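In what follows, chain A forms one complex with chain B and a second complex with chain C.
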Partner chain A sequence: MSLIKKYIVDIRLIVFISALLGIQLDINTVLAESLEEKGFNLAARSDRSDRGFGDSETEMTMILRNAAGKSASRTLRFTTLEVPDESIGDKSLILFSTPRDIEGTALLSHAKMLAPDNQWLYLPALKRVKRISSKNKSGPFVGSEFAFEDFTASELNKFKYSYLKQEVCENLTCDVIERTPLYDNSGYTKQIAWVDSTDYQLRKIEFYDRKGSLLKELIFEDYRIYEEKYWRPHRLVMKNLQTKKSSDLVYGEYKFKVGLTDIDFVKGRLPGLR
Partner chain B sequence: MKDSSCLILKFLLLGLIGLYALIGTDNTIADNQELDIRGNVAFQLRGFTQDALWADQNSSDVESSISGEWEVRWRSEDNSQRVSFIPFARWDENDDKRSHFDLREAYWAYKNGEIELLFGVNRIFWGVTESVHLVDVINQTDLVEDLDQEDKLGQPMISLALQKDWGLLSFYLLPYFRERSFPGVNGRLRAASPVDADNAKYESGNKRKHLDFALRYSHYFGDIDLGLHYFNGTNRDPRLGVGANNSDVVLNYDQIEQIGLDLQYTRGSWLWKLESFVRDGYEESFFASIAGFEYTFYQVFEGAGDVGVLLEYQYDNRSSYEAATSADNDVFIGARWVLNNMQDGSILAGVVVDNKTSEAFYSIEAESRLKEDVVLELQVRLIAHSEPGESFHPFSRDNYIQLQINRFF
Partner chain C sequence: MERYFKAIDEFSLRFTDGVIRYRWTVLLLAILVTVGFSRGMGGLEFASNYRTFFSDENPELSAFEDLQATYTKNDNILFVVESISDVEKQTAFTSYTLDAVEKLTAEAWKIPYAIRVDSVTNFQYTKAIGDELIVTDLVIDAKNLTPSELLLRKEISLNEPLLVNNLVTPSGVVTAVNVVLQYPEASVLEVPEAVLAARELRERIEAEFSGVNISLTGVSMLNNAFSEVGLQDAGSLTPLMFLVILTMSWLILRFFAGTIVIFLVVAFSTVVGMGAAGFFGVKLTPISMSASTVILTLAVADSIHILISLRALMREGLTKSEAISEAVRLNFMPVAITSITTIVGFLALNFSDSPPFWHLGNITAVGILAAWLFSITLLPAMISLLPVNIKMTKETEWTQRVMGSLADFVISNFRKILVVSSLVVLVFSGFIPTISFNDQWVEYFDTSIEFRRESDQALKNFGLYPIEFSVPALNTGGVSEPEYLNYLEEFTDFLSTQPEVLHVYSITDVMKRLNKNMHGDDEDFYRIPDSRELSAQYLLLYELSLPYGLDLNDRINVDKSATRVTAMLQKASTSETKNFLDSSRKWMAQNLPEYMQSQPTSAQVMFTYITERNIHNMIFGTGVAILAIALIMMVALRSLRLGLLSMMPNTLPLLMTFGAWALLFGEVGFSVATVASISLGIIVDDTVHFLSKYVRAKNEKGLSAEESIRYAFSSVGVAIVVNTIILISGFLVLTASAFKMNVDLGLMTIFSILFALLLDFLLLPALLLVIDREKTADL
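Let's turn to the complex of A and B:
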């Protein structure tokens, strides 16, 4: 009898434990969903704070530094056309003015959300427009520590999000969100983004490479507000923690609503840019 | 107009007058108008590995040459008008034909919404492939610059471009023909007999003043970039004939008509390319095509650099009655290494092999920035397995290594 009793107790115990486990699993799922939702909502709040800028134009200087402290710079003009549909990315045009030997070189991008972007390169020496593969979005952009995806991939629906924590960043409070690229050919397994809870702007991003180790750190500095609504950082500092190389992007004043339209972002207009 | 050079002079003057009118009317250029003056000078050393093949060719092992290009660009405040003025000149130590001057660009363009009108001298590039630029027919080749035919002479034109959401439609009226530049008697990289460039023959009675016409449509559809063109006018490629005194080569510029297409399919790391045309030439209609791919390995060797592999097949079924081409049944294999470093270093190496004769043309081009405004270029051209009568045989002893230093300002 006692033996049977013992078995019954054991079975009860198992049922109880599995029930506990079951509840535990459910709690995890519920918790995870809310973290994802929270992460997404915070990213969306940040992304949507920028809505309606229309089009913008700015000049920027890129300063490249290697581990030995040697540096080189490039200057370029960056124009962007906002595409209101959140399921399609913006259009952008980069026109180089220095170094002088690449002056006039231009890169036109029609960003997509998850599919590869459409990109055309204009080579002024031959006056040639060349459609290029956008697979290389994770490679160094013009020898810098910035990858092309680092400038263009801040679109909301390019990532899956998860809320991590809230912490002090400089003199602000930041929400820390993990974001995982959903688009193809990203060089990152994940990114950790710090978004302040006052102006909803990105303050810092850590990039984790394909092996999952910390690769780069990007700091956003010198935020200025335009039209009382649109925040833009004027200095981006990207440090490669593995190679000790770094690149700075220093932006000039932004001009908004300069009257750019789709026709300014077509491949046929590239030879007439300068 | 008795003298054919009058027309080009007129274009030149119009360009200058236009420039003066636009800039000169206002002595103080407003801040938001842009006048941009740039340029570069280059010093070039070519070292030949063998003695010259033909009589009168210069026998020195090393040839030096200096070139300069000056770029003046202006743009109106509202962005609707722009002017470009780009003179180019080269001085060559040995070859007085390689020493030459050209207006690469001298135009005024006006843009209003979808329409752009351009008047003057310009360069236009059409095409997608790397080893031969088959459909790139608007500009004449400045052959003395480089055998690769990528340097072009400025072409006088009136062009009208219509940019619609269904594509770009461009019309070109080409009122003056530019003759191809060829090395002189003393120059290397020439045929057995020097070209009698001053006595070219034309099929058209209007000679250089035949009004050529071209039309092009280009657009993209998803991963496909498409270009279609029509050309009617003087063939940029001369047909070589023998002169009256049986020694010099005489150039014949025929009237041709052609339609063609260029196509690129971009997918992942692949670029698939095709260029084709059907040409009604001097005696016959014929077909030419080049097809191939470019595949890129990104961030190779765990570094920043990319390596692209290129393969192209060149086909042309013209007979010997037409202007000759070497790209009739040839394969091009090449590799491009882009270092993606601070100095923007790159190397392109390749070989074109004729399937029938097995003669081969090897080429290496490398460049790197030495300082902010200084770029060093290395070029190697080698011809192998070329027998008398074959395409590259006249240059078979003109293998060279070239170093060029460019200073930009």
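Let's turn to the complex of A and C:
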């Protein structure tokens, strides 16, 4: 509340000074810029709360459900290497262990902000590493409702932000921020993110499709803290509200600072991972 | 027996006295009831989904719903893009036309409820360069492509099994953009909303690219057409119907009060019927909408019988109030019986497998009940209030003289009539087996409907009738098994060679292409991969690279234990579709392992079997109605003999109708199944009127069979003819519908009414002479 008051005072001041200087200022532009800034700042605070984790490793189970209620699951190991430079995305490595058919298949990804990610896939049945060249980022990950970018680290500079409001979420207070993808080939027109104001963690994201309709809803559950500062959700529930399909991601315990470096995230390391 | 008829007469006299004494109250009550029911009409909405034609118990529907829950809904809108400028006629692969397609594709994502858009421009083209797999839209920035780049894209498209005949014609001249929609199904307004957006988009693209012509078709357009045709019919048929009724009743009655009263009775009855539908939450379809036309037609019957009697009585010199009581008395029982039998006939529609026919039956039943009650309450009350100016005259009307001669003719030639009419009935019935069924949903609409015109255009180049197979694998992940994929490829090949099939969509084409890509685009590897792991990993790779909305979830089920194969039929009649379905089932049984057996399903499959299913149900339903009506006749006429006899003129016109239809048209849709019970309820009326007068003459006046027949002809013959004319005009109005099922229904009912008139005037009296003469001989 006090924050908003402070902004209103600021705006009044700006308008007053502008008027004195003979500058015609549209009050809405001023307001919009401020909301943008505020949105960015809140997102940055959330993103930076994670800073310095170095590298992490965890096991995940992905459960897919169709509209008829049938389900299937996959398990995979997920390792991440933090890239401190905010203009470059993190590096990640996914190793599939089940179903048996794709055991040993490994995906290496170097995330980019506004360009296609660099991705390599090792196919054990072919004994070859294949580089994937695709502009697509919001496609479904292994048949789930998650796009790859939906569950990997959320990168600050992928979006333009706008602050919407503050509201109660579960037993916390959340800032609600609208974020618009800056990447041309994103399948989303906008996302609305709920970030709590206690631990600065994402609680919920709504994804809007090309026609501006609500497409998916992602809920982050079971947050646990590691090393007294790194929060990690252990259950992500993604519901496609149009097709009624849904996917859960259930994480095991995280291990931090396992000693991974850049050299573990090159395509030559993909064969023989287990 | 006499006591029974006397009791009815006394009741009717007391009843009419009461009605006339409290005529203002009766009038007020009638208005109040009608206004009450009219409030229900506010809740009426048009269904915008072809699924309303199928009951929840329909096995083809539930199989199809299962498929759609497993994969994706297959409601779609298909934009067919044709280049119309002369220079570019030879190909769609010009920067101009592809630019239009690219823009259309991008904008189509914004159509409400769209979840997927496929076209040649956003087709996910894969190729290999070294150890790199490139996945990209086939056409990006069409405007700036060079002629050689365009040619390359044309070659790729025309060699891609997923595209040729599906989104581009083999010549590369016509192309299509397919939009898949998923409706929340919370409101009937969803489909019209999407259709409106699609039409606006078409207009925008056509405005920007004057050289292209776009036709719209697909399941959503079909669903929308159902409500559009219903609205069009409601707007054109109902006013036409009122006009016909007013004209006819004026011509027949030639007194103003009668015309006004008939108008009110039929209007009120229709309001009550449609209002009741609203209260029960019925979703209107072009079929149930026709109930208003049917009620308007049938509601006239009761009133016209009473008013014709009234007119005749006043011409004989009775005062108005005497004539009212007498006219109601004379018609009290026949009107009751005809109403009840007609209601029975329409209620029998509930045996149909198709809910719109239940609605038609029930709405009409309520409307007829209302018409019956209004004609013995509102009608006498109004007549007693309005001035009626009919002069007494000794002159016999010419119509009466015709009836007299007809009676003489029948009586002196009854044996010949028996022989000839039996022969005619037999000959006509002999043609019934030659009738063939055809339910192609595009053809339900006549060419006044945009959907029909554009679908016809689209059908020249693409298929509109998909048949879906969900082919199971042995276990979870089993779709990657080489054995499964090889069998699936054989199945795909088999389907492609069927004459009705234009295109087959199968995952095997993706698998072969990926295998080739993974081996440096070596054509030798354009085949099913050798190992299960390899296929599974290809799929993983492919899925990782696909964009939002273009994934494989609509082709492979969630645990990868089944895939969906779609065979697109271009223009197949019901019997051709049935042949295709039978031969695919047979092929699968002979060539695929036990675990891969699957049943074809889709809207087309549903429509293919709905006729049989309906006929099967309606034969039973009509049988029940025939028995019920015979029973009613027995009770009402107090005669087992006459009740049984009445079954002849009641059922034979139906046989003649189907025979005549087979001769004239040969082909019929599923509405045929319901015609029998609808017609039955209507044609029975003539028999009831004739027989009740005959019985009255024999019992009340103690006349001989011949004299009773003359009496029946003279007292009710004209009314029966007049009634037939009104019914025929009413159903003729129905044939002006833009919806084929209504047209067929109207025409067939006209046939049966005409045949019924013939048989009632010729066969019925001949039969009466046979049985009643024998009886006198026995005595």
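Criterion: the second predicted complex is superposed on the first by the 245 of 274 C-alpha atoms of A that agree within 3 Å, B and C clash if a C-alpha of one lies under 4 Å from a C-alpha of the other, contacts with A are read in each partner's own complex, and residues count from 1 in each chain.
Assume a residue touches a chain if its C-beta (ideal position, glycine included) is under 8 Å from a C-beta of that chain, and two chains touch if they have at least 3 such contacts.
Remember, predicted model here, so these are calculated numbers, not experimental data.
Asker: Put the two structures on top of each other at chain A: do chain B and chain C fit, or clash?
Answerer: They clash.
Asker: Thinking of the overlay built on chain A, is A:Arg224 touched by chain B (first), by chain C (second), by both, or by neither?
Answerer: It touches nothing on chain B or chain C.
Asker: Between chain B and chain C, whom does A:Arg274 touch in the aligned arrangement: first, second, both, or neither?
Answerer: In the superposed model, A:Arg274 contacts chain B only, not chain C.
Asker: So in the superposed three-chain picture, is A:Leu121 touching just chain B, just chain C, both, or none of them (first/second/both/neither)?
Answerer: Second partner only.
Asker: Have a look at where A:Gln242 lands relative to chain B and chain C in the superposition and call it first, second, both or neither.
Answerer: Once the two structures are laid over each other on A, A:Gln242 reaches chain C alone.
Asker: What is the contact status of A:Lys257 with respect to chain B (first) and chain C (second): first, second, both, or neither?
Answerer: In the superposition, A:Lys257 contacts neither chain B nor chain C.
Asker: Kindly classify A:Val142 by the partners it touches after superposition: chain B alone (first), chain C alone (second), both, or neither?
Answerer: The answer is both, since A:Val142 touches chain B and chain C.
Asker: Mind working out whether A:Arg51 is in touch with chain B, chain C, both or neither, as first, second, both or neither?
Answerer: So A:Arg51 meets neither chain B nor chain C here.
Asker: Touching A:Leu107, do we find chain B (first), chain C (second), both, or neither?
Answerer: After superposition on chain A, A:Leu107 lies in contact with chain C alone.
Asker: Which chain, chain B or chain C, ends up touching more residues of chain A in the combined arrangement?
Answerer: C
Asker: Can A:Leu64 be said to touch chain B (first), chain C (second), both, or neither?
Answerer: A:Leu64: touches chain B and chain C.
Asker: Please state which segment of chain C collides with chain B in the superposed model; the candidates are 387-395, 549-557, 585-593 or 639-647.
Answerer: Clashing stretch: 549-557.
Asker: By the touch definition above, which chain A residues appear in both interfaces, chain B in one complex and chain C in the other?
Answerer: 64, 66, 70, 72, 99-102, 126, 128-133, 135-136, 138-140, 142-143
Asker: Quick check on the complex: what are the chain A residues that touch chain C?
Answerer: Answer in residue numbers: 64-68, 70-72, 96, 99-102, 105, 107, 119, 121, 123-126, 128-136, 138-143, 147-148, 185-188, 209-213, 242-243, 245.
Asker: Quick check on the complex: what are the chain A residues that touch chain B?
Answerer: Touch list, chain A to chain B: 64, 66, 70, 72-73, 98-103, 116, 118, 126-133, 135-136, 138-140, 142-143, 262-263, 266-269, 271-272, 274.
Asker: Where on chain B is chain A touching in the complex?
Answerer: Residues 36, 38, 40, 73, 75, 82, 109, 111, 113-114, 116, 123-125, 127-128, 150, 161, 163, 165, 167-168, 218-220, 225, 264, 266-271, 296, 298-299, 304, 306, 340-344, 369, 372-373, 375, 406, 408-409.
Asker: Going by the contact rule at the top, pick out the chain C residues touching chain A in the complex.
Answerer: 66, 68-70, 72-73, 109-115, 131-136, 182, 184, 476-477, 480, 518, 531-538, 540-541, 543-553, 556-560
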